[in-house]
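Provided herewith is a single structure, encoded as structure tokens, for subsequent inquiry.
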Amino acid sequence: MGVSATITMIFAAVLMLLIVLGFVTYAIYFERKVLGWMQLRIGPNRTGPFGLLQSVADVFKLLIKEDTIPSKADRALFILAPAIAFVPSFAVIATLPFGENLYFADLNVGLLYYGALSSISTMGIILGGWASNNKYSLLGGMRSAAQMISYEVPLILSMVGVILMSGSLNLRVIVEGQEGWFWQWNLFPQIIAFGVFIIAAISELNRTPFDLPEAESELVAGYHVEYSGFRFAFFMLAEYTYMFAVSALTTVLFLGGWHAPAPFLEFIPGFIWFVLKFAGCVFFLFWIRASMPRIRVDQLMGLAWKVLLPIALVNIFLTAFVKMLLQ
Amino acid sequence: MKGIAKGLGVTLRGLTTKKVTHNYPDEPLNMPDRFRGVQHFIPELCIVCNQCARICPTECITLTGKPNPDPEKRVKLIDTFDINFEICILCDLCTEVCPTEAIVMTNNFELATYSRDDLMKDKDWLSDNNTNIRSENSRNLSPAAAKGGAK
Amino acid sequence: MALRTEELLLNVGPQHPSTHGVFRIVVKLDGEVIREATPVMGYLHRGTEKLAEDLNYTQIIPYTDRMDYVSAMTNNYVLCHTVEKMMELEVPERAEYLRLIVMELQRIASHLVWWGTYLLDIGAMSPFLYAFRDREKIIELFNELCGARLTYFYMRVGGVKWDAPEGWLQKVKEFVPYMRSKLKEYDSLMSGNEIFLSRIKGVGAYDAETAIAYGLSGANLRCTGVKWDLRKDRPYGIYNKFDFDVPVGKNGDCYDRYLVRLAEIEQSLRIIEQALDDFPGNGPIMGKAPRVIRPPEGETYTAIESPRGEIGCYIVSRGKDKPFRLKFRRPSFVNLQILPKLLVGETMTNLITILGAIDIVVGEVDG
């Protein structure tokens, strides 16, 4: 590959990183605003016009904090854990198609790449809990790891139905199979899988109602209790980048990617439709956070293994059966 | 699922409901007339009877009087009058018993200072604190004061 | 080879977002399960009862406001009522009605605080703000009436201090249907939520004999099915004139306590409506109380129904204007005694759920 191609690639990757960072900053701001509006109050509105600089102020505060590492902690792992949590979340964005010609890599196994890389973040969490040398953060880290690993299974299985329908693991092919009217999006034929996917995805993100690892009113603190300042910001960054990745994936898999709801609206660029659906997914995550209480840890595990897994399997069989019938 | 859906509906409707946030430092918060705020002291009306210092549940009022320079009048004059706002609970018993309404309450509540020493307010500060004075104060007005226009 | 396990000693420390104040529980954990829990109280002890020995009765009333700061009116009332009983003072009718309306409004406000903070502990963020928006309306009513938002100092021995200002009764009248519609909103927001129900059904259950043996009162007793409410069984003030139900539960778990408290708000609204309809015309608001309150020698105990349970005041008087001994039987303190028993065998998550359902206010626990 030539030098200019490499430079373009690096330049595009850095641009994407900046876009993701911008998204994270303003997702935090909008989350606080939307949560505030749903709770009958206005969110941040004093720092900067309309409070737009609130996240910037928060990140700045985190950056200038003292970098403490507990004395008995395992230094190398302690420093490595946030990086391991963050890097996969950013790396999966490489395969996501944002528009007809807006993608970084057109992998034939894009969905598999996504599933595989997102599991690596769990390692970051376990390492963070372990390296802190704190029994509570270890307990929290173990609980969080158990939650994330248990919900990986229904997540991937719910995607299998979509793969069966479109016949490929390539994310662009999956989107192209949803062309046409909005009832041809994968949402409607795969509604069961969509339900399982949403629940499993919210759990993977560690958001309410599955935010036991980060619960502020729980006693046993989460895996990031010993992290302060910049390293803590990294964990938060990983969480919001994942939100970006999961919302983009939902849009691609179930909501028709960059296609308009009706063929006569196709003159509006696909990218705009993608952004609109993506924003809808993110709003839904905020909405759920404002409304739900937290699930208890034993009920959490029961939900994954006893409810979501069988439903996802049933969905796969149904999809295969119907596909066979229609052939 | 139905319960969850109903809950989601309530929060969605909350998005469009009128917000209850008060724009406080930019817009002042107006308290009703009976609000028990920081006291206002009128030295000319005080007859140094010590009722306020005696009734105070937390003993935060300290006052001293000086003999009246005018030999005709027997009433003492107030010399120092301090209220310690670290312990004043704004219960308004002092205003209730004052026979001349020399001490009244205002509707001001902003007392924050940078140092605890500044919370010991003396006669001059209390005398200057004369905005938003409450309309009903004493329950113990002496007949002279009630007629003579303590208000 | 047997697995060696160790018990973990954990401090649900004095500073904790879910213990409703400075309250500490020392917990012995075996894995996730609690083997033993010991509450440690006293972090908010301010010596109210000792201070009362040196203050005359009117001066003690502001101190009672600050004991159970979430429901200050009932605290004021218990002290005034006890002294009035000792001195056999008659309280004028208008004052009785004002006292009743104010205490029932306070009950609603206290239950709203409980509802909001309990759901916040369970993880739902929004109900807290919805509850406080409605409580703000009650607080503003009180602000207009007596000049304070939290520590009212409204009642005096023999009556109340202030009469209702212009338009206040009309505002209370408008508040009643508003609150009813909000109760429906709370039901749709959280009471049917499946996640919430699975968190609190069956948690922290006890039966009626245990409840009576521990001396529980208020919603903690009524959730087991015992229909005991001091407003009906030992009526005080003018409660016997009004028609209201006493909601009871069945199983004695956290869910029943939740439902009982929400139902109590509805019953308080009924009482307020009836009192507003019957409200007497202009009259005195202060009875013929002497300038210096000197109850005769002797001792009395009187109890009333506060939002948390039975609050009682025991006064030993030696005929002076200051009490010889003043003791408050505080419901949060007594209700808390069942906590060690309820927590054995529960997980840490359920500790928060159970503690929240008992509804304690640490200012009252420590005094």
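Some observations on this one:
Labels for the chains are A, B and C, by order of writing; each one numbers its residues from 1.
Just so we're on the same page, a contact is a pair of C-beta atoms (placed from the backbone, for glycine too) under 8 Å apart; a residue touches a chain by one contact, two chains touch by 3 or more.
Treat the numbers as computed from the prediction; the structure is a model and nothing was measured.
The greatest centre-to-centre gap from chain A, using C-alpha centroids, is found for B. Across the two interfaces under comparison, A-B and A-C, the one joined by more C-beta contacts turns out to be A-C.
The most centrally placed chain, judged by C-alpha centroids, is C. Rounded to whole angstrom units, the spacing between the C-alpha centres of chain B and chain C is 29. One simple way to say how far apart two chains are is to compare their mean CA positions; for chain A and chain B this gives 55 Å.
One finds 44 Å separating the Cα centroids of chain A and chain C.
For chain C, residues that reach two or more other chains under the stated contact definition are 126, 130, 133, 189-190, 193, 195-196. The set of chain B residues touching two or more other chains comprises 4, 7, 10-11, 14, 20.
Residue numbers of chain A whose C-beta contacts span two or more other chains: 38-41, 290-292. Those residues of chain C that touch chain B in the complex are listed here as 55, 58-60, 62-63, 126, 130, 133, 136, 143-148, 151, 153, 162, 165, 185, 188-197. Across the interface of their complex, chain B is touched by residues 34, 37-42, 287-288, 290-292 of chain A. The part of chain B that touches chain C in the complex is made up of residues 1-4, 6-7, 9-11, 14, 20, 31-36, 55-57, 89-93, 105, 134.
Of all residues in chain C, only 8, 10, 12, 16-18, 32, 119-126, 128-130, 133, 189-190, 193, 195-196, 198-199, 347-352 touch chain A in the complex they form. Contact residues of chain B toward chain A in the complex are 4, 7-8, 10-12, 14-15, 17, 19-21.
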